[in-house]
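Each of the two complexes below includes chain A, the first together with chain B, the second together with chain C.
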Partner chain A sequence: MVIFLAKRVGYMLLTMLVVSILLFLLLEVNGESVAVKVLGPYTSIEQRNIWLENNGYFRPLYVRYFDWLFGIATGDFGQSIRFKAPVSDILWDRLGNTAILGAATYAIMVPVSLTLGVLAGMKEGSALDRTISLTSIGTTSVPEFASAVLLAFIFVFTLGWLPGTSAMSGGFDPVQLILPVLVLFLYGFGYLVRMTRASMAEVMQTPYIRTAILKGLPYRQVILRHALRNALIAPFTVIMLQINWLLSGVIVVEFFFAYKGFGALLLEASLNQDIYMIQACAMVAVFVAVTTQTIADIGYTYLNPRIRLGG
Partner chain B sequence: MTKKTTDGLHSYIPRLAEQLGQGRVGRRDFLRTAALLGVSSTVAYGLADKIMGTSSAALAQSATPKKGGTLRVSMNVKEISDPAIYDWSEKGNIGRHIVESLTQVGSDNVTRPHLAESWDASDDLKTWTFRLRKGVKWSNGDDFIADDVVFNFERWLDPATGSSNLGRFSSMTVEEGGKKKMAPNAIERVDAHTVRFNLQTADIALPESMGDYPALIVHRNFTKQGGNLAENPVGTSPFALKNFRVGETAVFERREGAYWGGEVYLDGIQYVDHGDDHSAWLAAIASNQVDLLYRLIAQNVPAIKQMPQLQMYETVTGQTGVARMKVDQKPFDDIRVRQAIQACIDHGRLLEIAYQGFGVPGEDHHVSPVHPEYAKIPAMTQDYDKARKLLAEAGHGNGLDLTIDCVAQPAWEPNTCLALAEMLKPAGINLKVNILPGGTYWDRWTTTPFGFTSWTHRPLGVQVLNLAYRSGVAWNESSYANPEFDKLLDDAMGVLDPTKRKEKMVPVQKLLQQDAVIIQPYWRSIFTVANKKVKGFEIQPAEEMHLNKVWLDA
Partner chain C sequence: MTDNAIRSARPSKIMQYLRRAALIRESWVGSIGLGIIVFWVAMALLAPLLAPFPPNAQYVPFMAPGFNLPPTGTFWLGTDHLGRDILSRLMWGARTVLFYAPLATFCAYAVGILMGLAAGYKRGWIDDVLSRSADVILSFPILVLYVVIITTFGASGINIVLAVTFASAPGIMRIVRGLVLDLRNRDYVAAAQTRGESSLYIMFVEILPNARGPLIVDACLRVGYVIITIGVLGFLGLGLPPPDPDWGGMVNETRGMAMSFPHMTIFPCIAISSLVLGFNLLADGLREVSLRD
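And now, the complex of A and B:
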């Protein structure tokens, strides 16, 4: 188990290292353009050279890379061009906001999807199964930008029940979370329901479930004790994968509702070529991706008794 | 030098009044020119009313203002550290709640005294004396004095600052080795509250230029104290910056103590950044999360009309966009190519297609009918035969492939470019529209061979011409360099008489039009919207937020 963990963490670090090299090469090789971005288009060549000199751009590439990597490892992501403030000042706040949005979405999506998925999968082809399947296919096939517009039209412009934007300018306001969470929920839950349903249906066909039913165990106990644990392996992977989606895939929702989260930050940074910010955001996104992947792998071994390591 | 009549008004005023009486100048021209010559707006409006038998009661407020409340405004909150290098009116709007300008251009497009109390100009318009308002206090307790003004001008005119004011006040500069720098003795401190400007060339737009957003006056110790307005917000305005986060919010509270401009009603102002998505702006005001929008785009006008709690504001402006060609780059270095493109354009049609007809058609010379010096010259007409002939002469008889860069938002800009591309097709020009997201267009707006650039409103037509088409200035995006044009522009800028200036504008406008530097589709109307409880707000043609007299009827 220890070897397995060490290997996983090792792979994780290696992936991040490779990504960091790629990012650095993509964004930092052309120092001149960084100087133009920081100092503005009206500056002279001399001014730019002075800035490049002062910021160490004339040092060899590998020295600059390790310097940058060391900075990241110690939490110093550099200075944001657009915000005129340290990247870390902005980044953690925004990441926190997206974590709130993600947590709220998960808190609703996971229980609802698993329950509906299990209910649908228990009796394949039943009226309940068809209703749930149809609804989940329907909501998942509507893209976020479309459901955002539709929900805003109903709840903001027609009924006037909910606030139309979620900038939280007067401090945290849970009411402003409702629409973005609803949009994410509608888009994300269908996939999870379908996965749970398929997995559950498959488990229900297996001989050991049939045996359990035939030996007269109460149906409730068959589901909860025997079927569920095996049926949850596939949905568990999906849940872990969706953390990545919630981190950077929510750009549309954050943009539409003016929510000050990580996705909106990544978009803003890219549109304004805020180089240090893009690097930081990308590193954070990769970190989250490889971490959730590792956790998923470890979680697998717990859920699936057929995967056992190191004996 | 300055001539004064016995009643203290500039010698030109009586003649101007006579012209107004004869209907030779409009009321607007009269008010503007009178304000330019240091006549207070009350006196100028009074004079105009007396001559024309009108009443300026529209300016009077209909209800007694109430004090209190915080006005919430939806607007992008951009970085504001140095007013001298502001390049967005949003930056100016935040900055203006901290620091102020010498003059201010009102919603009626008339320039009025602000931190300057009055001014007068010599008859040749080369010597301007500005008297500063006394008793104005900086928020740190210092008196506002001439040294503050001198410090700002010297800083703007230092090329190292990188300020667009170097072009705006080019009449105070001389060229040395191909580079502009401040002329010796251009700015003269007469006494603690008087500054004199000694210009190289006549400049009628000096008071207007001083009201533009990069000309906000910072404290004389601004550079010494870090040169960052967000971190050290010392100013003369009635508000104090309490919280500022780029991309999120800017919060102001009314300062304690008397303000030189009289009563200020709002307790505070909060700007909220709702990003670049105009549907988010609309949703914010529809659900009462803000009281006022910085901007309402034309395509959202019908939606606003459905909401009875909202009040829409509209004004025709000098706001425009130009498809400008880099005249020193292929293939645009050949004037026949530029003229061929120009010959394909039906300006009125572009206005209809791309901006729902809200505005007036352009004439490719960047002077608007709302400008006082606008001269009516023959408009360009669509002529494909001429276009094809010119292209053939230029060696592009088999067609020409071009690319134009433009921003993705606001939508009227790419829409205009797409309509333009369609219009060029019959002449054999294949125009590819390269829509660039977010701020990336602004990295190349001065360098791309063919680009669509939006230009904000300025009170006088000569101001933009001076900023964008004079040889060698920072914002000359087309690299147009024509000594004859520069000279004609100098001539026009030296004339105070609106009717005579119009005559001088004819060759200026004609030359720019003939040289086909820009395709200017139209002048657009701008809109904004507020909750009906917001009182005393007026839409300003350059989208400036003047909120000192705004109040909330809660």
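And now, the complex of A and C:
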């Protein structure tokens, strides 16, 4: 078990390292263009050279890389060009806001999709199954910006029930979270439903379920006590991996609803070529993605009795 | 008896494919999906003939659907903030999306299949290197990758195709690799190896055609995702440069005025959703039909 854990964590660190090299090469290999982005296009060569000299950009590439990597590892991401403040000051705040949005989405998405998936997979091919499956295909087909427009049209413009932006300018307001969460939920739940359904349908075909039914157990009990335990192993992995997807989804939703979160920050940084902010955001995003992936791997192994760890 | 007679006639390869493709009629879900796709393809192809107005020509702005301007004609879906006919722009926009989405998917598949065949059939260090690189790329949240790539290299059609290829090829590689790992132990592969066929021949002639079923279903779903991606990039202002119509861009340009003139924003949303729905339904139908036999 210890060897397995060490392997997974080592593997995760290796991925992060490769990602950091890629990001560094993509954004900082050319010192001259970094200076243009930081100082602006209307600066003279002399000004740029002074800046490059002062910030150590004339050192060899690998020295710069290790210096940068050390900074990131100790939480120093540099100075944001766009916000004129240390990157870390802004980043953690925004990340917290996105965590709230993500947690709210998950709190709705996970129970609803697991229930629907189990109901659909219980009787494959039934009318209920077809309805749930088709609905989930339908909702996954609507891009987030389209469902945001349509929902805003219904609930904001026509009915006037909900606010159309979620900037939270007057302090935290849960009502402003409803539409962003709904949009993320609609786009994301179909996939989880289909995964749960497939897993449940597979379990329902196994001999031990047939035995349980044939020995006369009530159907409820067969589902709740026998089928669910095995059917929910695969969705667990999917739920963890969906966090990776959520980090994409928040970019659109936060942009649309003007929510001050991580996704909107990444987009703003990218559009303004705020390279230190882009690097920090991308590293954080990949860190979250890789961590959840590792947890999913470990959890899957731990939950699945059929996998025995040989080291 | 008659069945045998038909079979012995050995229909041409093309007829065989067409006959297989016609199986989609057995799934009503798939048929509806195919119908939607055919509709949009027809719109895209016939846009120069059918579109009532040139896509970038300006008339009266902010007009509601059905607005009639006597000498010039009727604007069935209204006009946008610059007075351009929305119906015509949707038709021309279908051209853009139906050109770039399949092209990007095709490129991603070309790269992904090559990588997957090499990794699954050759194994060894090639497999290790390819699989590890795929893991690294797949560890990025996908839109983060798109946004960083597009903002660094600039927004253009070719960059969108390259970004989609770069981000999707690893996922396709994983699927192909999994299929190849299963197929490489089949007898016909062993037979080809004994005949002394080259690895290239075995990979492309023996293994790949037998892996096509799941790949076709996946390709259908993937075209849908790529359409969403192109739409999202357009919506974020990272899509194709204006003024040429692009559905995501149309939503982005008009959403600030959606409160007073919702038709400008809603029609492009419906267009893109319906097209993606078409591909997803077709994929579902294909899966259903292929599981049946």
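Just so it is clear, the second predicted complex is superposed on the first by the 309 of 311 C-alpha atoms of A that agree within 3 Å, B and C clash if a C-alpha of one lies under 4 Å from a C-alpha of the other, contacts with A are read in each partner's own complex, and residues count from 1 in each chain.
Just so it is clear, a residue touches a chain if its C-beta (ideal position, glycine included) is under 8 Å from a C-beta of that chain, and two chains touch if they have at least 3 such contacts.
Note that the coordinates shown come from a computational prediction; the quantities given were computed from them, not determined experimentally.
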Report clash or fit for the pair chain B and chain C bound to chain A in the combined superposed model.
clash
Can A:Val149 be said to touch chain B (first), chain C (second), both, or neither?
both
For A:Phe255, is the partner it touches chain B (first), chain C (second), both, or none of the two (neither)?
both
Determine, under the contact definition given at the top, whether A:Thr15 touches first (chain B), second (chain C), both, or neither.
second
Applying the document's definition of touch, where does A:Phe157 land relative to chain B and chain C: first, second, both, or neither?
both
The chain contacting more residues of chain A, comparing chain B with chain C, is C
Based on the superposed arrangement, let me know which partner A:His226 touches: chain B (first), chain C (second), both, or neither?
neither
With both complexes overlaid on chain A, does A:Arg64 touch chain B (first), chain C (second), both or neither?
neither
So, does A:Arg48 touch the first partner chain B, the second partner chain C, both, or neither?
neither
Chain B versus chain C as contact partner of A:Leu266, first or second or both or neither:
second
Once the structures are superposed on A, label A:Asn244 by its partner contacts, choosing first (chain B), second (chain C), both or neither.
second
Intersection of the chain A residues that touch chain B with those that touch chain C
149, 152, 156-157, 164, 255-256, 270-271, 273
Chain A residues touching chain B - in the complex, by the definition given at the top
36-37, 39-43, 47, 82-85, 149, 152, 156-157, 160, 162-165, 167, 169, 255-258, 260, 264, 268, 270-273
Complex contacts: residues of chain C adjacent to chain A
29, 135-136, 139-144, 147-148, 151-152, 224, 228, 231-232, 235-237, 248, 251, 255, 258-259, 262, 265-266, 269-270, 272-273, 276-277, 280-281, 284
Complex contacts: residues of chain A adjacent to chain C
15, 18-19, 22, 26-27, 133-134, 137-138, 140-146, 149-150, 152-153, 156-157, 164, 244-249, 251-252, 255-256, 266-267, 270-271, 273, 278, 281-282, 285-286, 289-290, 293
Which part of chain B faces chain A closely enough to touch in the complex?
72, 79, 81, 85, 160, 162, 230, 246-249, 270, 272-277, 279-280, 282-284, 286-287, 289, 303, 437-440, 443, 446, 474
